[in-house]
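Please go over the structures that come below.
Shared chain: chain A. Partners: chain B in the first complex, chain C in the second.
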Partner chain A sequence: MSDVVSAPAVSGGVSRSFLRDARGLQRKLVEEYYGAFASVDQPRRPVAYMLVGGNLTEILRSFGYDVVFPEIVALNCAIKHQSLENILHAESLGYGLDVCGYVKNDLGLQDLGGKTSFGQIPRPDLLVCSFSGCYVYVKWWEALAESYGAPLFMFDVPYMREETPRQEDIAYLVSQLWELVHLLEKRTGRAFDMNELKRVLAESRRAEDGWVEFLRAGRLRPSPIEAYFESIFYMFPINVLRGTPGAADFYDVVNEEVRARVRDGNYPLPEEKFRVLVEGVPPYTNYRTFWDFFRKWGAVSVVATYPKVGGLFDRGFRHDPSRPFESIAEYSLGAYVNQSWPLRRKIIADYVKEYQADAVIIHGIKSCRSFTAGQGDLRDWLIHDQGVPTLYIESDHQDPRYFAPAQIKNRMDAFFESLEQRRAVAAAAGAAPG
Partner chain B sequence: MTAVVAGVDIGSTTAKCVVLGEDSRILGKSLSVVGVDIVKDAERALEAALADAHLSRPEVSFITGTGYGRYKVYFGQLVVTEISCHARGANFLFPGTRLVVDIGGQDTKAIRIDDKGEVVDFAMNDKCAAGTGRFLDVCANALGYDVGEIGPLSLQARRAVKVTSTCTVFAESEVTSYVSRGKDPKDILAGLHASIANRTLSLMQRVGVEPEVTFTGGVSQNEGMVHALHRRLGVPVNVSPLSQYLGALGAALHGRERLSGGAA
Partner chain C sequence: MPELLKIGSWAGDLPDGEAPAGIEISPDFREFTEAESVERIVHLAQEVLADPTFPTVRAWRTAGGKAIGCFPVYTPQELVHSFAMMPVAIQGGGENLEISRADAALGSFLCSISKSTLEMALTGLLDPFDGFVFPYICDVSRNLDGIFTRVLPQRPSHMLHLPQNFTSPATIPFLVAEYRSLIEKLERVAGRPFSPEDLRASLEVFNEQRALVDRLVVLKRDAPWKVTLVEYYLLLRLGGLLPREVHIPLLRRAIAELEGRERKNKDAIRVIVLGPFCEQPTLELLQLIEDVGCYVVGDELQMLHRWCPRIEPGTDPLESLATSYVRTPVDIGVRSTPTTKAAAILARVDAAKAQGVLFLTAKFCEPALEDVVLYRRALEGRGLPYLHMEFEEKSTTYEQARLQLETFAESILFE
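After this line comes the complex of A and B, so read on.
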């Protein structure tokens, strides 16, 4: 039995032996990615800023662009406790308290010169607003375009109200993708190379297969993965490096490690008491504290919705080199954040069954009404219509001022306490004669 | 072994302790104001309840801590959240309870429970003390009353004013403004109580209003608040002189369950 299995469940922080090779490789990939922007040895490649939801990475990559995701830069700042300084600076520029933390972190950081502890964030040569479902995001990209004098490409993605994308929506998106291709040809002076796009898409597909294999390990009992807290680390390659061989290779390492965990009995916790589904953006500023609130109760997240914001690959979608533009359009339409609430509910209800989750924890964030609005109704629906114990808690993903540890802990303690109690009562009733 | 158990509830404003005998009879209880040294406050609360019960410390078999200061009840053997404890305490005193409304110093909670006193769902006020005991303290102070006086006075109102604010600090300004406009303090107080009842109703609706409703926590001793809640809900509200102790009582009951081999 490994050290991890015999370690007390309530010990603080993340067990280092639980997160082994894959975590080390992920760190290396992050360092290399940001480090390359500061390199003086290589000629600078053009940089495009893009949003994670429904991103068009493959097309940009086929033109030799480096893609930067300000949301991911912002979450890296938050997890390293560097977001507040940027947010306060943005507020001093006039951005209000209620403006999204991602936006304020990024605009504050940009205005302060773009220097972070993990690297220098490069200036954009092009802004691609790949998710139009959030009006604040649209304004964010407009502000960046004005600030840098960089061209802005607005990708208009219709909201998904049905599980299968409509042909007219796909056609609408494909026509916009061709507009983007023409813009990129003009800006780079390079002709579009369909074979190069297909090659990139094939790499994406390979990474998507590996990522899905990792996520589905949460179906095992006990789960060898932490589908929320651990997946957050592994979202970097699927979102930022997708389309490169490095991303696909990364998941080979991850999945080998997961297989080793099962073989060695090395699980996220010594005892998996509760299997939970987590919905919502994490409180990055207090990520370890929040994780400890789960660990204390023997709760392992076996499935989560947030790691799917970069694509619902586990629901069957893959980028397809044989249908390059159509599959990119389907990908953008199918982004988790682009799904209507009835569709999101269905996904969550399916996950509860597939992953045998005992309960759902919803973490709402003050910053984002577009992601969070509706989570109160989701909570009521899960409890009353689905009979799934559900807890709703709220803080923020970027702004540490909104994370109240005592209040959150109290709610989580009470929730798990009641689950434990109900389980004990049910066991006693089952054991009673007659 | 004498199965005397105790529950110590360290809230944001007061410490409560209940000592329970073998037959689940309350042998002693205490209520004291919480200061800065929570560890000592917890010890004092236990000592006072033991003195009330004419018992000594070794005679207590099991102690459970609850409330925000529960982790400071170092001498206890079990820690349970006040949400589970109020649920259990309300079920003990009023077995027909399906919804517990706990209004304490800085928290308001609506807790839906089943027939065994187990928590089914709960909702709490978030990051704001509006609608809590502290809210009443501040407003009583602004009107020059002791918080203990305002409940009965609110019942003498002729025409309650509308207190629109949902913020403790702004409510104080609103009260001052009404005073300067010559409004009767009783009407202002009735408005304040109605404002809290409205706010509490919103929490209760989040978990589902189902009779019987049992009112717990320090504010349950305020008859003006009981009246305002009853009026807003349209159903009777269970309340008892012991309502303020239900967290501590529930803690003691959880302790008894653990002692007898059940899951607390």
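After this line comes the complex of A and C, so read on.
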């Protein structure tokens, strides 16, 4: 390492004074959510399985369904180091090495009975496949349908290739939403209640406002938030609990904490040396280790794409109780991975500018072709067309066998070292006479 | 295994942007129109496939035509044809193409066909094309479109969203709108407006091609000893590489010869081959399947010709085209299943009177890999044997594959 490059900035682990009330409340919400499935105090509500991208949680909630997101169950398993057992079991069932880790983690878990350290995952009464941005969703839900014999509703969401959807796209989506409503009426014996849907949507909108306020705090210098690692904790309410008062209230707590951080000078790191944009899904199995690779160099993520997989709220979208079906249709189009590469490139270029990012870290994962296929080209574009220093690294989000810590650390060290070197050279050139 | 014809080779180590010369085909395609025998056609097909410079497309351009590259599996080729442009099946670079630049752009864990297709784009091999269509058959195909818009900005590329909800009354109007978006780009490339009358005529051309393809598929199912898998495959493969007006009479002549063939029905195992609907196995691997004692009596090869039955143009040919896609219940890995995977595979086994199933899936092909588990479960429930093998475009040794296939065939033969 060169003399001008500084030693590691901080030791491993996140300061307790940084993640306080909001993180504690988020944990509590997670526990309550999974705990409710085990409750025997009241009759069990019907359960629908749904996917995060383009999900229709408000409609299902308005019919009294509990919604389970197998992707989130899988990532909860991974971050608690419980995914490998499920994955190996799925492989014993015939799922190959190259099948998505989410799918294997979930199907393995389901076949083992659905018991996790954070709760018993209930069987589905209905499978709603929001095919939005990921083809594997179709295959995954077909497998669940054959395993459980539960009915499968296919909600086909057109891929976004223009910034504004066509009228035909919205008409197609709205028609499907009504078909879902009719199916739910038939299955529950309840009449659709538009006022109840509007009430749920109003709660969603309140949560969305709070979530966006949090995300935009990354624009401050220094950033009072960690827009990748911290935001990921706070995705749970916006994706899983959206439409409940609890989700909206949660972001009030989060934003109060962020305001206090600014007031008290309590930032993610003692010194924000690099402001980075992170693109891609995190390696949940080695979350803290990966985070430490950033912290060591004083790198704070000020903006990230992955927290937008459930919706691009920070780009202006809100659920709208005055246009319930149309706004749900528009929402379903807005999952980050449902955007074409030209749109993704534009989002990233805007983020780099708006959040004053010094560099981009791309984390490609073996499992997810939707997110990852083309990230190498993105790196090329960022470096050569945009002049943004960019690093591309690979592992997996679910399968710990693909996380090579020494290799990833080595590459990240070299990247940040070169950034420091570049700064030092620029500073020296600026200080030199004439 | 008998040696396949080995015609030419292509090093693929030319400087960036410099396309190799490749073989030359007459602009009137007389090599194909005058080919008198299946043997000669197969020879020509192998020459074409061994050459990644798209010799048939170059010939078409020499004659003044324009060409649109269509990624697997399903593209409404009739639309392209109605603009007097040639729809060309882009099915990877084959075993002769070296990958040097696409790896960096795509990442490690992706199928060969995506890498070789991008490699061809980055090295000038796709220069003979005027545009591209990438149907949403999987996330990789979908994302390739976005990469193409950057690396080949002067050639329009279109990602076609093929619907997955086949019961909604809004699906057909949506697909018509999708086709209209594609048409806008095709109009710009062709320099002429869309004509329903021209589409009507194109539907009839493709109806004729599909009818012949269906006849060949039936022949392969009912009398597999008359046509080898490699012959069958190459005859179908040419259908996506030649002007359809050249392929149709060629296929008609070939089928007539094959139907009249006098060959002995060997004591071979009847198998269906599932999985290679997008990336293509090598000819050597296809030949090996039958060399070890199998007859392939059902398959997912070259589905671009086999998706829909005859399409009646009707009063609105564009709507007819969309309706045919939505209403034809094709059960394949890249379309949500109309029934269940279990029901689908058992129906296919029964229809082909198959004794076993060979899953031949491309490495990293997630749609195929995930279906295999459900298919296997159904086969096990009925006690039907199966074998799962993975392949890549650049397979070089076949000893392991031969061993697996021989064991599979013998286990059925001697049970």
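Assume the second predicted complex is superposed on the first by the 423 of 434 C-alpha atoms of A that agree within 3 Å, B and C clash if a C-alpha of one lies under 4 Å from a C-alpha of the other, contacts with A are read in each partner's own complex, and residues count from 1 in each chain.
Heads up, the rule we're going with is that a residue touches a chain if its C-beta (ideal position, glycine included) is under 8 Å from a C-beta of that chain, and two chains touch if they have at least 3 such contacts.
Since the model is a prediction, treat every value here as computed from it, not as a measurement.
Asker: In the superposed arrangement, does A:383 touch chain B (first), chain C (second), both or neither?
Answerer: Touch partner of A:383: chain B, not chain C.
Asker: Per the contact definition in the header, classify A:373: touching chain B only (first), chain C only (second), both, or neither.
Answerer: second
Asker: Now for A:394: first (chain B), second (chain C), both, or neither, which partner does it touch?
Answerer: After superposition on chain A, A:394 lies in contact with both partners, chain B and chain C.
Asker: Could you look at A:411 and tell me whether it touches chain B, chain C, both or neither (first, second, both, neither)?
Answerer: A:411: touches chain B, not chain C.
Asker: Now for A:424: first (chain B), second (chain C), both, or neither, which partner does it touch?
Answerer: A:424: touches chain B, not chain C.
Asker: May I ask you to decide whether A:80 touches chain B, chain C, both, or neither, giving the answer as first, second, both or neither?
Answerer: neither
Asker: Go through the superposed model and pick first if A:342 touches only chain B, second if only chain C, both, or neither.
Answerer: Touch status of A:342: second partner only.
Asker: In the three-chain superposition, say which chain, chain B or chain C, touches more residues of chain A.
Answerer: C
Asker: Find the residues of chain A that appear in the contact set with chain B and again in the contact set with chain C.
Answerer: Residues common to the chain A contacts of chain C and of chain B are 376, 380, 394, listed in rising order.
Asker: Going by the contact rule at the top, pick out the chain C residues touching chain A in the complex.
Answerer: 103-110, 114, 136-140, 142-147, 149-151, 159, 161, 163-171, 173-174, 177-178, 181, 333-334, 336-337, 340-342, 363-364, 366-367, 369-374, 376-377, 390
Asker: For a test of understanding, state which residues of chain A touch chain B in their complex under the given definition.
Answerer: 376, 380, 383-384, 394, 402, 404, 406-407, 410-411, 413-414, 417-418, 420-425, 428
Asker: Considering only the defined contacts, which chain B positions touch chain A in the complex?
Answerer: Listed in rising order, the residues are 68, 80-84, 116, 118-122, 124, 126-127, 206, 208, 262-264.
Asker: Going by the contact rule at the top, pick out the chain A residues touching chain C in the complex.
Answerer: Listed in rising order, the residues of chain A that touch chain C are 93-96, 98-100, 103, 131, 134-136, 138-140, 142-143, 145-146, 154-156, 158-159, 161, 166, 168-169, 171-172, 175-176, 179, 340-342, 344-345, 364, 366, 368-370, 372-377, 380-381, 392, 394.
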